[in-house]
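Have a look at these structures, which come just after this line.
Across the two complexes that follow, subunit A remains constant while its partner is subunit B and subsequently subunit C.
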Partner chain A sequence: MLRCVIIGYGFLGKRLAKLLAAGAVEGVKLVGVASSKGYIYEESGLTLVDLPDELQSSRALKPSPAIELIDRGLTDLLVELTPTNIRDGEPGLSHIKLALEHGIDVVTANKGPIALAYDELMELAEETGSMLLHEATVGGGIPLISLKNRCLAADELLSIKGILNGTTNYILSRMHFEEMTLELALREAQMLGIAERDPTLDLEGIDTALKLVILANSLMNAGKKLSDVKIKGITGITSEAIAAAKESGMTIKLIGTADENGLRVAPKLVRLNDPICVHGTLNAVSFNFKILRRLTIIGEGAGESTISALLNDIYEVVKARARSSRT
Partner chain B sequence: MRVKFTLALSDRPGVLLKALEQIAINGGNIISIIHRRDSITSGYVPVSINVEFPDSASLERAKKGIESSGIPVIEAETLEKAICTIILIGGVKIEDLLGRVHEMESRIAEISMTGGLTSPCIKAVIEAPSDKLSALLKSLEDFAEKQGALLITEG
Partner chain C sequence: MLRCVIIGYGFLGKRLAKLLAAGAVEGVKLVGVASSKGYIYEESGLTLVDLPDELQSSRALKPSPAIELIDRGLTDLLVELTPTNIRDGEPGLSHIKLALEHGIDVVTANKGPIALAYDELMELAEETGSMLLHEATVGGGIPLISLKNRCLAADELLSIKGILNGTTNYILSRMHFEEMTLELALREAQMLGIAERDPTLDLEGIDTALKLVILANSLMNAGKKLSDVKIKGITGITSEAIAAAKESGMTIKLIGTADENGLRVAPKLVRLNDPICVHGTLNAVSFNFKILRRLTIIGEGAGESTISALLNDIYEVVKARARSSRT
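Moving on to the complex of A and B:
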């Protein structure tokens, strides 16, 4: 039975903890959950009643840093879900590094460490024989990384083009269909919890750029950094521009592109009948493979659907460890 | 890509064959030849040759080969046109935009402007030689940046 610890007890952490405590993945025992306030740990496995809405309300809370769970050898599998920090990737980066150094497998939805230190972390994982899976960092529950690495590993991926940010796609869709201004569509998105109070990372295209770097590095061995991406956001998009696009059977979408000319994020004119032209909070990614040619995949790119990617990565770790224990 | 060559051939036997050889060895497929002996000027005959090339590199090699055989290439016009729509958000002078487009042997097939002075937005449909489209879009990108405007292209 793999002993699993979740660090980060926010939207995703709470939901995943409940599913694992209820036995969602056979072969995994949730033994600890941690937040910035401390952690709770139970060697025999946490149950649903042990999991409070807020960790600080648990009498079992130990007000110590989460790294104790890794350092003291209390886990075989770390699920790292602390908030994304694009400046230095912390604290997620340190958690992941420490776990990999100890030979502990890691599953994460944290974009910061993967976008900023992909090569370093993968080398470390290889050195220590541990696994680092990060499907949940891009496209929520859409299986982008496993699709390429498992189903299309022998084909060559030539380019990636996609709508990778649900918030900006929601705003642009409302501007297109309801003829709203960007400001009004943003306010609506904030009221619905689709946009953050500070929406800068989404609107300026930085969130899309982070995801593009992760995809390019993990699927095309591009070796790129965030600073390599040419980024234009959607703050300058006006109602007039959307109306002009609509007249021509098109709309404006925030598109991330990775190809032989590099990585870029920019608002683009997209034909309404293009498979990539999805609306609302949906994401869509078009891969161009050498042999298969174009493949487009669409799905919810954030929120609850991300749990599906996390569970699948956890399942992959369990499967791999079961296989290695047999050999 | 389809190209129309206009060559000035000296009125001597075998000269046309030399030009055709250069086209053939560089992968060109000849579609038609118009040999205008009625328009002979100072001993030169204008000849128009429509050719299908696999790519722009083979066209360039054929052009160099013809010129190094001593045959002047008056024009090599790409016959295939690419059409693309662009939107410019922000104040730009339309005559400057037209100038940039014409520099690349392209033309604006349709143009409309909305938003007045407060929120100007130009939509244009541009027709460009296929091999010049990406250079044109790059030039328009620089133009928009210098003018403080936002260029949105198809993609």
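Moving on to the complex of A and C:
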């Protein structure tokens, strides 16, 4: 039975904790949940009644730093879900490093550490024989990392092109179908909780660029950093530009591209008939493989769907550990 | 080094043989290729110069039945690529059974045996500890079987909906965009080699039904047969019907569906904005998962792309055998 700890008790952390406490993945026992307020730990496994709406309302809360759970040999599997920090990746980066140093497997949805320190973290995992899985960092629950690595390992990936940000795609879709201005579509998205109060990272293309770096590094061994990406956001896109595209059977989408010319994010004209031309908050990624050629995969790139990616990665760790314990 | 034999030396067989002879998958040695005319076998491995355009033009041809290659302990991995026969699955079914009985792993693109005898073959493989991989039977190189089994194993698949036949999709797309009649679009498709001279299996929805049975059995344990599928083809679809759909932002597509109400194939109205609404010879499948919800995957469902699925399955066998030989 793998002892699992979740650090980060927000939207994803709470839902995942409930599912694991209810036995969603066989072979996994949830022993701890942590946030910046402290942690709850129960060696015999946390049950649904042990999980509060907010950690600080639990009488079992220890007001100590989460790293105690990693440091003291209390866990085999860390699920790191603290918020993405694109400056230095903290506190997630420290949590993940510490876990890997201790030979603890890590599953994460935290883009910061993976975008900023992919090569370093993978080397560390290799050294200590631990696993670092991060399907949930890009495209929510859409399998992108595992799709290439587990289903298409014998083919060669030549390029990646995708709509990787649901917020900007929602805004552009509303501008296309409802002929709204960007300002109005943004305000609507904020009211619906699709856009954040400060939408800069989405609108300026930074979020798309982070995800593109993660895809390029983990699928194409690109060794790229955020500063290697040429980035142009959607703030300059006018209703008139979209209306003109529409007249020619096209629209404008924020596209991230990784190919032999490097990594770039920019608004692009896309044919309405193109498989990648999805609307609303959907994400879509087209891979170009040497033999298969073009493969496109589409789904919700955020929210509840991300839980699926976390569960699948946790399942993969359980399977790999069961296999290695048999040998 | 796994000794590999290919039975079936048509479009796929020839291309795959060349790739394997050139070393496309590490750990695999192509030792034999066979057709109904006989076989070529070379214990030390066939090279590119050993592979003729047609088997009967090779001086090394042994005019003996292909099953000798399976029967005499000359192979570890059979790639079965004889033509699909929907009546009794032969000769592919006998080849695959014999191989599995001998503990030989099998990779196949042959829909007949998999659609007709999935449960029986899988039981046999289980008994003898052999592997039977058949990604190439549905959707060409699009990962569908492995996508669910390797990337989404912890989520629950609730239903499948898809465009699984490129020929009918080409015809319906031409009717939609060029306002052609079905007869004209069919003739064009035949001229381009997209439709066969006798297009019955495609037009009547049988090919889609076969693939649907394979998906439902291998991804949902449905235990279904071809006779369990309610099938309606596209021969009744008129230009007028498509024009009317078009006026409402829709079109007509031949859709295979597997859900709690069973399996069915029929022409359906589909929104032009729906991710599944792809055109030309493309295939598209939408899976509905319990947590992830809707995931759509799109690609070329036939031809060259199928080679990718065969290589990936062969790679998977090599990986699994390398792993089990270490234990």
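FYI, the second predicted complex is superposed on the first by the 327 of 327 C-alpha atoms of A that agree within 3 Å, B and C clash if a C-alpha of one lies under 4 Å from a C-alpha of the other, contacts with A are read in each partner's own complex, and residues count from 1 in each chain.
Heads up, the rule we're going with is that a residue touches a chain if its C-beta (ideal position, glycine included) is under 8 Å from a C-beta of that chain, and two chains touch if they have at least 3 such contacts.
Note that the structure is a prediction, hence the values are computed from the model and not measured.
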### Which superposed partner A:24 touches (first subunit B, second subunit C, both, neither)
second
### Query
Is A:298 touching the first partner subunit B, the second partner subunit C, both, or neither of them?
second
#### Entry: Greater residue coverage of subunit A in the superposed arrangement, subunit B or subunit C
C
### Query
In the superposed arrangement, which partner chain does A:255 touch: subunit B (first), subunit C (second), both, or neither?
first
### Task
Look at A:238 in the shared chain and tell me whether it touches subunit B only, subunit C only, both, or neither; answer first, second, both or neither.
first
### Query
Taking the superposition as given, does A:167 touch the first partner, subunit B, the second, subunit C, both, or neither?
neither
### Query
What is the contact status of A:282 with respect to subunit B (first) and subunit C (second): first, second, both, or neither?
second
### Task
Could you please specify the touching residues of subunit C with respect to subunit A in the complex?
24-25, 135, 141-143, 146-147, 150-155, 272-273, 275, 278-279, 282, 284, 289, 291-300, 304-305, 307-309, 311-312, 314-316, 319, 323, 326-327
### Touch list for subunit B against partner subunit A, complex
85-87, 89-90, 112, 114-115, 119-121, 123, 125, 150, 152-155
### subunit B contact footprint on subunit A (complex, rising order)
161, 232, 236-241, 243-245, 247-248, 250, 252, 255, 257, 266-271
